Amino acid sequence: MPLGSDHVSHRRPYPQQLRPVTIERGWSKHAEGSVLISFGDTKVFCTASVTEGVPRWRKGSGEGWVTGEYSMLPRATNTRGDRESVRGKIGGRTHEISRLIGRSLRAVIDYKALGENTIVLDCDVLQADGGTRTAAITGAYVALADAITWAQSKKLVKAGRKPLTGTVSAVSVGIVDGTPLLDLCYEEDVRAETDMNVVCTGDGRFVEVQGTAEAEPFDRDELNKLLDLASGGCAELADLQRKALEGTL
Amino acid sequence: MPLGSDHVSHRRPYPQQLRPVTIERGWSKHAEGSVLISFGDTKVFCTASVTEGVPRWRKGSGEGWVTGEYSMLPRATNTRGDRESVRGKIGGRTHEISRLIGRSLRAVIDYKALGENTIVLDCDVLQADGGTRTAAITGAYVALADAITWAQSKKLVKAGRKPLTGTVSAVSVGIVDGTPLLDLCYEEDVRAETDMNVVCTGDGRFVEVQGTAEAEPFDRDELNKLLDLASGGCAELADLQRKALEGTL
Amino acid sequence: MPLGSDHVSHRRPYPQQLRPVTIERGWSKHAEGSVLISFGDTKVFCTASVTEGVPRWRKGSGEGWVTGEYSMLPRATNTRGDRESVRGKIGGRTHEISRLIGRSLRAVIDYKALGENTIVLDCDVLQADGGTRTAAITGAYVALADAITWAQSKKLVKAGRKPLTGTVSAVSVGIVDGTPLLDLCYEEDVRAETDMNVVCTGDGRFVEVQGTAEAEPFDRDELNKLLDLASGGCAELADLQRKALEGTL
Amino acid sequence: MPLGSDHVSHRRPYPQQLRPVTIERGWSKHAEGSVLISFGDTKVFCTASVTEGVPRWRKGSGEGWVTGEYSMLPRATNTRGDRESVRGKIGGRTHEISRLIGRSLRAVIDYKALGENTIVLDCDVLQADGGTRTAAITGAYVALADAITWAQSKKLVKAGRKPLTGTVSAVSVGIVDGTPLLDLCYEEDVRAETDMNVVCTGDGRFVEVQGTAEAEPFDRDELNKLLDLASGGCAELADLQRKALEGTL
Amino acid sequence: MPLGSDHVSHRRPYPQQLRPVTIERGWSKHAEGSVLISFGDTKVFCTASVTEGVPRWRKGSGEGWVTGEYSMLPRATNTRGDRESVRGKIGGRTHEISRLIGRSLRAVIDYKALGENTIVLDCDVLQADGGTRTAAITGAYVALADAITWAQSKKLVKAGRKPLTGTVSAVSVGIVDGTPLLDLCYEEDVRAETDMNVVCTGDGRFVEVQGTAEAEPFDRDELNKLLDLASGGCAELADLQRKALEGTL
Amino acid sequence: MPLGSDHVSHRRPYPQQLRPVTIERGWSKHAEGSVLISFGDTKVFCTASVTEGVPRWRKGSGEGWVTGEYSMLPRATNTRGDRESVRGKIGGRTHEISRLIGRSLRAVIDYKALGENTIVLDCDVLQADGGTRTAAITGAYVALADAITWAQSKKLVKAGRKPLTGTVSAVSVGIVDGTPLLDLCYEEDVRAETDMNVVCTGDGRFVEVQGTAEAEPFDRDELNKLLDLASGGCAELADLQRKALEGTL
């Protein structure tokens, strides 16, 4: 039985492939939508919680709201981190990713069709090995789709309204030792000169492009290569999401 | 595919039985010990993190330290709760259970044998249906045992020293409609007149006895019946822990 | 004039006796009920504050609410502790005891008879020498009884309604050097192998039983001896409470 | 037996007199100095805690440090206030008074003579009826004097050194309905047009003068009358402090 | 081009003069009133924000409210200080000054005439060289006057009502090397034996007098000299405020 | 004199131009580098604070550290916002921008050449009208360059070492009503379908590319147009930075 922290990430034979992806729906008996998604050794538990009503600033608008919260369990990483609840404040990285998740999912929501309902997407990282935010977005989409189906079945969403205007998936790309790489694991991410997270809709358009030079600034040519790679990865993930929702994954 | 919050807890045919228990080891590639434990629909993810060194107040003592942290994911329950990290403070219930987990596990630790190492037991509730604290203690023991085996293999613990002096397991008991019940699910817990959490060592002695009158004060006779029931449940759990560690569960 | 921190707790001639207990009512001109209680050198100032109305989640129920808050003055102990207000968060021990006080007093409250009124029991430890939580509960009961009398006189409680269904008192017990001991002072508490706090109603039933193995797990026989001792102590305290309320203490 | 919140402050026959003052020393068995002081119905419990060493920024200077912390028990006032520990932050008024207490006491300290020791003066208001900050300073001085005597007896202060360079007392004054008044109770304070807190040394000089126009700005003549009244009150309090320390109060 | 932290405060030829004062109005395009004020090298940016409505405790009274908030930019001083937002709490000094600003401005407000409107005075110190609180009050008055003119023009204040009952300005005074000094810069403030902040109305009466003995207690004679000096300084500032509001400064 | 909140942003004649940019150096007498930068009506005050030493995790590495902190004054915007220090926590947007500033400036730092020194870039928004984060980065670069010159003159940086490896500037771009626009003001930003912040080095490479679909996902062609526009804007800003540092702006 494999135990402890001596585990090694399995390197992929073809560096421009996605790591193995799994998407398990119905992982919570309480949540209206729930998914355990894995990108390689990264595992994120995504739940979608539907409540009637909207935040105060949106009341009476007839429009719904969708938001995200991201967190890591303290031992999701190789070295245990302090809980943010114990430190009494949320760190900048957590804030940044929570906001990204919310924005990404809202990109495919028709607020009017959703009506005055709120959906919260909680993405808790059980095990981290790079790409936790992109796995979170990709999994949260599936949980969101299930939650909306539930809301329709409960008549919280009016008959004939389609709150989802498309699908959304996300992937990380980076340049490691001069080679563009798709879906970086932690070790690759640490060594990357440039690191980019890309969120796409199912029709291939961009929702978010966040590229960061880690070691060296990048030029337009490198940027283009990364965008090509990310677009392909997102399309592949969109296909897996579709299969998961059809029950054919 | 079962979806959403309409799920119903399965009532047990014999009310004085444990709910089905599962204990899966090695659920994290990073942690030195890790367990996914379930008591019925309650699922708790327990990790044991070993670090060299001890808190400041214990430095130079030659003795180790073991502590626990408990938390619920926001949608572990039927209604989503706010994250304590977002509220900026830890609630009383969380504090109380974290302290209970730490005390319970320390009851079977020989600090001298552990040496100046610290083990943190993180118990995160993925899904709650009553008995989360008792499942947490029971699972944390298994994670702790694996972590100590790891520490011995890494020579963090000196050869021949046995930091574990025994085993520990926990169960809840309560009186519902006048009937003593073992291992209460959420619905039973809500209806219980008296609620008790009992932590026992493998040799049948008590580490913690916490009985609370919810509706009516209880008399000595009722207390005795509950203690009998709990002792039996803890013994059964100790057996399951042993099998899990042997790999025969 | 005795000064400073060289003071020594007076050991009791008979270890299974309560320490000297004093209960002074009317210690605050503002509070609806107030008591300065001492168990030996432990002194706790208990006030009961009555307000019309209940917390939001209880509004419209026709039922009242009772809650407790516990705190230590920074120099209540031998070494000055930081104020929790300065640290910006409440510690786990404080949370745990506040919750215990609230639960214990609610055990003798008929919410319907109380009507939509809230009573907060503030228990502030002026000097600590073991048993602060049990002194707090015992004193808070007396303050609560006076506050209810006040509420009745002000017609906040309807004529003929009796919000108090009984009396409640609490005591600590422990095993020190193999001997069961009643109402432990700080030094005894530190040395105890097992430590138990017991809350009883005036008719001898249990409201809370919290036993903790400090050094060694305890067996059923030891548990029984401690429960016997605690029951006797609580009965004695119930008698003192009655006398204090009659003005004959 | 007087109960509850119907109590009325006793008005003084001569408005330019102090309210009855009591100073009880030795009120804590733990603290190096402790005093229960009352100005009329205002009761403040003052403890002085001595520790070896000084805050980091003062280390190696050979000089000591004295600081103050002020707090109100939640039901010290007519209406219960939330605890600052529960709210998670200290209010502006508390901060302001804590700083005033520290500055006032430091005015009579010779840091060199004190050596690298720290004395914290905790002033906790048990019952408030106006003048809590001035009672706190006046009582804290007595606790401080006792703590320094203790420190000398323990040789924490070198033989022959006198850390106290004088005495300090404080009183409030105000103009109510055009009449200057000494030592205002709460009702008078609320009605005052001008309110002033004055801290004096035993030789009649000023340590702090804090005058605030509540309703109407005040002119130089009114200011002079208030200063005269305050000087007299402080001198009277200095006399009571001296008697308390001699044991002749 | 002068750069960096080697800059020296220019000493004034006549120590009983104000430092050069500048008052620039209209420094913000958003705020209803805004001023950049400088007292020597101290620069404070004051904005007045008007909102309809009042805090909950004042609703329905027909009366308005005015409050102040003070803060220093982290590098306003010679050594960078941590941001209070990063530390998660407001320090005592900030609290104290914010309260002083609010009280000082409220002294010249007729709440009835203001009606149920709230004005918040934000005073942010861009560069500190002593006297930041007195510059803040003096500048905030000008911003407040502009904000009230704006509120009148927008009919938030009823025609014919005059919410301002006078003018208010503030200055610091101190005794340095035995000499009374007006408007102390940082270096003088550090060396002062006594330090006093005085807030006056335009007709020469006092709103606040806050004198603190830094090194030595001060006597009545010294107090009188400081008050004389401060009264003169405040009158001079009142004149500058008037000119600024007339546009003739 | 223009007063109050009725001010209107001046629309630019050519939408693909930068708004008027001003860069004033030496705006603080205390900071080692300081700049008041404006992009149209957006004004940001940037200071660079140099301290010897590095955070604990970097000690002994021989390498320096550069970090950023961003904040808005409460009335920088049209509606007053609560201070984060008063709320007791930093919001997600503030965190996100602070992190972006730090990363952007670190992209042109040679840590080894900087040696074990830390530079903190504080960017406080005095007035906001869109593009506050890009103005902050562009201004912070100039403050950083001045701070490094200062550190070299003080021999904190070793002779011959060049901690700056290039220059960095930033600009926002967006698509408004189908038209790509450079350097958006607040009104344009609110109406933008897509919003992108781009950080470039002086040699035209990218440090950060952050594109967000606000209303509609964007395609590759739109992305390319925005990148072209941003590259031009950053080059123009780099030229202005150079002139400011030469004193020829």
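Lettered A, B, C, D, E and F in written order, each chain numbered from 1.
Note that contacts are C-beta pairs under 8 Å (C-beta built on N, C-alpha and C of every residue); 3 or more make two chains touch, one makes a residue touch a chain.
No experiment lies behind these values; they were computed from the predicted model shown.
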Requested in this report: Trace the shortest chain of touching neighbours from subunit B to subunit F and give its length in steps.
Outcome: 2
Query raised in the report: Which neighbours do subunit E and subunit F have in common?
Result: none
**Report entry** Separation of subunit B from subunit E, taking each centre as the mean of its C-alpha atoms, in whole Å
**Finding:** 58
Query raised in the report: Where the CA atoms of subunit B average out and where those of subunit D average out, how many Å apart are those spots?
Result: 50
Query - Geometric centre distance via CA averages, subunit F-subunit A, whole Å - result: 29
Report task. Note the residues in subunit C that touch 2 or more other chains, in rising order. Result -> 88-90
Query raised in the report: Beginning the circuit at subunit C and going via subunit D, which chains come one after another?
Result: C, D, E, F, A, B
Report summary line: In their shared complex, subunit A is touched by residues of subunit B numbered 1-5, 7, 25-26, 28-34, 41, 45, 47, 49, 51, 69, 71, 73-78, 80, 83-86, 88-90, 94, 120, 122, 124, 126-129, 146, 149-150, 247
**Report entry** Residue ranges of subunit C in contact with subunit B within the complex
**Finding:** 89-93, 95-96, 98-99, 103, 107, 166, 196, 200-201, 203-213, 216-220, 223, 227, 231
